[in-house]
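Step one of this worksheet: look at the structure below.
When the chains are written out, they are named A, B, C and D in that same order, and each has its own residue count from 1.
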């Protein structure tokens, strides 16, 4: 007996009666069994969002037939959609500067099988020697220094690496450089950044120092899609930790590292597992 | 234009291909628009669970037609199911002893429109005067003292009140009496208790004193369906709070009250909104 | 045998060698036994903060002798300080508008012995009938409507009530009116407000709508001392709750109520138990 | 100008009037300035606990004079105490089996300067090749296989390594072997284990499978001192994470790894920073 194909379908479209019936019927007709389905109707915008995970039994070309037939339904309902084979690890490019705790964490989770991805490269504006705590191992490393003079050129190098590797997702794992508007525009919906504050509080530089000065009792971190509007992209995941008056900025930075790495890891995992759909300035995140 | 009917359908059955297609098709055929749908396949037991919230447009008897047709599908798939009108407040009976913080909280949430229910009565083994902090107001109060001698008789009185009021859910809001096996058996799946510990830790009496003696750093509370096996019923909701070595049992009791009342309120809300389906010794809880 | 006096001493002063030795020696000389002591040195400002809870054995005038002697030490070190009898409930004035969940909660905690205070009055810009869910009971209620024309006069009435009742703390329990600069200045350090957002995010009006529009994944509430700079006063306590894309502003408001009431209750409790000392734009809060 | 000595003093003794005055006076007499002080009186056992962090100005032998004089006070009050130079990194021995996420995490925190310690060795009952995800680097690795036949001998090897390296703390970073009673007795108060459940729930083997079967809504991890009574040692730190019915045991194991590593890292940090004092079956943990 051959194993069934493992699919995940992610879609959004204007809300209308009969979507679920049509999609479920199509899947059933093509020998598919739904394993997990979640949907959301945004009553404010009358938009429908769904994630459907299913198995397909049948001949090897069954997926093509399904894709063809589903395309017609998607056209009918005006869907934005993606149908993906869950057994293929998405290709991910990791960008980092001097703080490598998020990078080290993502690599550990990847090696332990927790994060299903294929890291196609690590790019840093600092040399590899600056990342001594992370276990880079066999992942190709690219040292691409950047300053105001060579920014366009450096971004062209990043694009070239993306093209060569077939990068599907770019992760800014504490990459402390601001991407150009053109770059963020091209990467819309496929570039995740970790910001070291509980946005929208403490945008911009040195958020832990800002948090200390304001005397908040809880700090946090925010993973979001990158847009040209700095620290304003759609939020994917946030988490927080309680602090006290005893914590100086240095302690906040230390405690914050723990939050940053787990928030970023979750956001990357949700994205790679097709659980995130952008909804205007916000996101729909279907929980595990 | 008339407003659509508001339904919620809760179902579980052995997993099988085509359930979603069949249900969604049926709803579509009867002029229904799905507002929210969640499902879960338990791969361990091969059982399927779903909650579907939908609007139905049509003549007043449209709901009857749907119910009739859906009954046939339910039989075909061996479903346990419930289809309910969301605009009718479920009838709830509240049992309490001396600690009235959960009772006061549930009544406040009901009056503020947060908890959609109809409290049909309050039963206590203590007189109303013992509940001076709760705002009982117009809710009928029954003082039913209980001891080892009159337990059967007192439970018969509770059953009589349930029958007269058409009680759909019994909430043990810190009711410090153990129900008989016969009573718990009759109330299976429609009686929620709040236990003042993070189960399965600290079962039985005086859990905060147990927690203090063991030196845990976090305490919690657990809302669960009542079964004849004390503190072992299917868990609906839990929550926790951090404590320290400074907290004596009295402080734990005080801090615990906050946890107990929000855990119980959430569990009651989830149940009344048909978000909870029992799955053996556990529950499926579809999130809001 | 007579019970010992129960004191709590709260102090702050420029940091200097020998403070603890001097204070502890003084207490020891006056027959005092320290029950709990916490201190904090702010290295950034070189300021010392302490809270010392102690019992004093001796004749009834022992407290006077201690207070006299301690005053000299306080002068020597340039201390701001307060020595208080812990057995006397502080007098608290509660201000509220239409949303009475925080008021109801504070009153419940007071009646259950959880919050040690004496509520000397409730002031609302709405009539008592608007607060039907709270159990006002015997607490004097004052309906003081306010608009742009009578604001100065209404605040004068509040001041009169404060003077008559010997109010020590004013709590804005969702009082949706902005106090005048003169009023906030007079109430510096003895007026606590609950803001329904995780400050500094979402200042100003309708924070839950702002949070929904921004798509945050966690919401919160903030209790802070009132200053003339709106939503910028020193933060005493904050807490948060996870939300999802399913939550519309109405659900955020409902979920937020739970956070608001527990954050405000904690802040009031910390203040009344002399655990909070203002440190510039922030606070030192000595934990229980 | 020479930098002051950095000390931390940890003590416990029967509660008695005048302890703080005596200790603070002694420190003042020896040119010490208290930087942070926390104390706790356990009213149940009438025992006093304190942690005092202070700087000492003076000649190099000032510390000896202080230690000599303080010893006399300690004798007078029957203190258990430890006075330590905070600038010397404690020597730590790490034991691990196949799951290396906690080991990798501790090493990362050590290298990033977050965890102030000196790892003197890693011992595993599996070969180094099994720990491929952790960055062992220059830390000496010892492969000490163990089975029922060679247990005594293997523990003798561990003791030998401890003696050679001057080990001050042993960390069981998911070391899946049960130590002998003799070993746990010798290591009392200086051996920390991470248990992958929210104790006292789910003791023993396969706690995530137990948690799944019981249907809890929150899972956790517990760091505790090792005693001969398995999973019953004094708890240092715990933390939790919310789960849902969708999480199978494999997901719990994955999510649990995050909790385990941060709980263990915190417990080790608290211990190494002399913040933990054992109090019978529980611990006093002075917060940062």
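Note that contacts are C-beta pairs under 8 Å (C-beta built on N, C-alpha and C of every residue); 3 or more make two chains touch, one makes a residue touch a chain.
None of these values were measured; they are calculated from a predicted model.
Novice: Between C-D and B-D, which chain pair shares more contacting C-beta pairs?
Specialist: So, comparing the two chain pairs, more contacts are at B-D.
Novice: Taking all residue numbers used at the subunit B/subunit C interface, answer same if over half belong to both copies and different if under half do.
Specialist: Since more than half of the residue numbers are used by both chains, the interface counts as same.
Novice: Mind checking the centre-to-centre distance between subunit C and subunit D? Centres are C-alpha means, answer in whole Å.
Specialist: Result: the chain centres lie 37 Å from each other.
Novice: Centroid of subunit B to centroid of subunit D, CA atoms only: how many Å?
Specialist: Centre separation, subunit B to subunit D: 42 Å.
Novice: When you check subunit C against every other chain, which residues touch at least two of them?
Specialist: 36, 40, 244, 246, 287
Novice: Please give the residue numbers of subunit D that touch subunit A in the complex, ascending.
Specialist: The touching residues are 36, 101, 104, 108, 111-112, 114, 132-135, 244, 246-247, 251, 254, 257-258, 262, 287-288.
Novice: Any idea which subunit D residues touch subunit B in the complex?
Specialist: For subunit D paired with subunit B, touching residues are 40, 42-44, 198-202, 213-218, 220, 234-240, 244-246, 248, 279, 281-285, 287.
Novice: With touch defined as at the start, can you tell me which subunit D residues reach subunit C in the complex?
Specialist: Of all residues in subunit D, those touching subunit C are 17-18, 20-21, 24-25, 27-28, 32-41, 242, 287.
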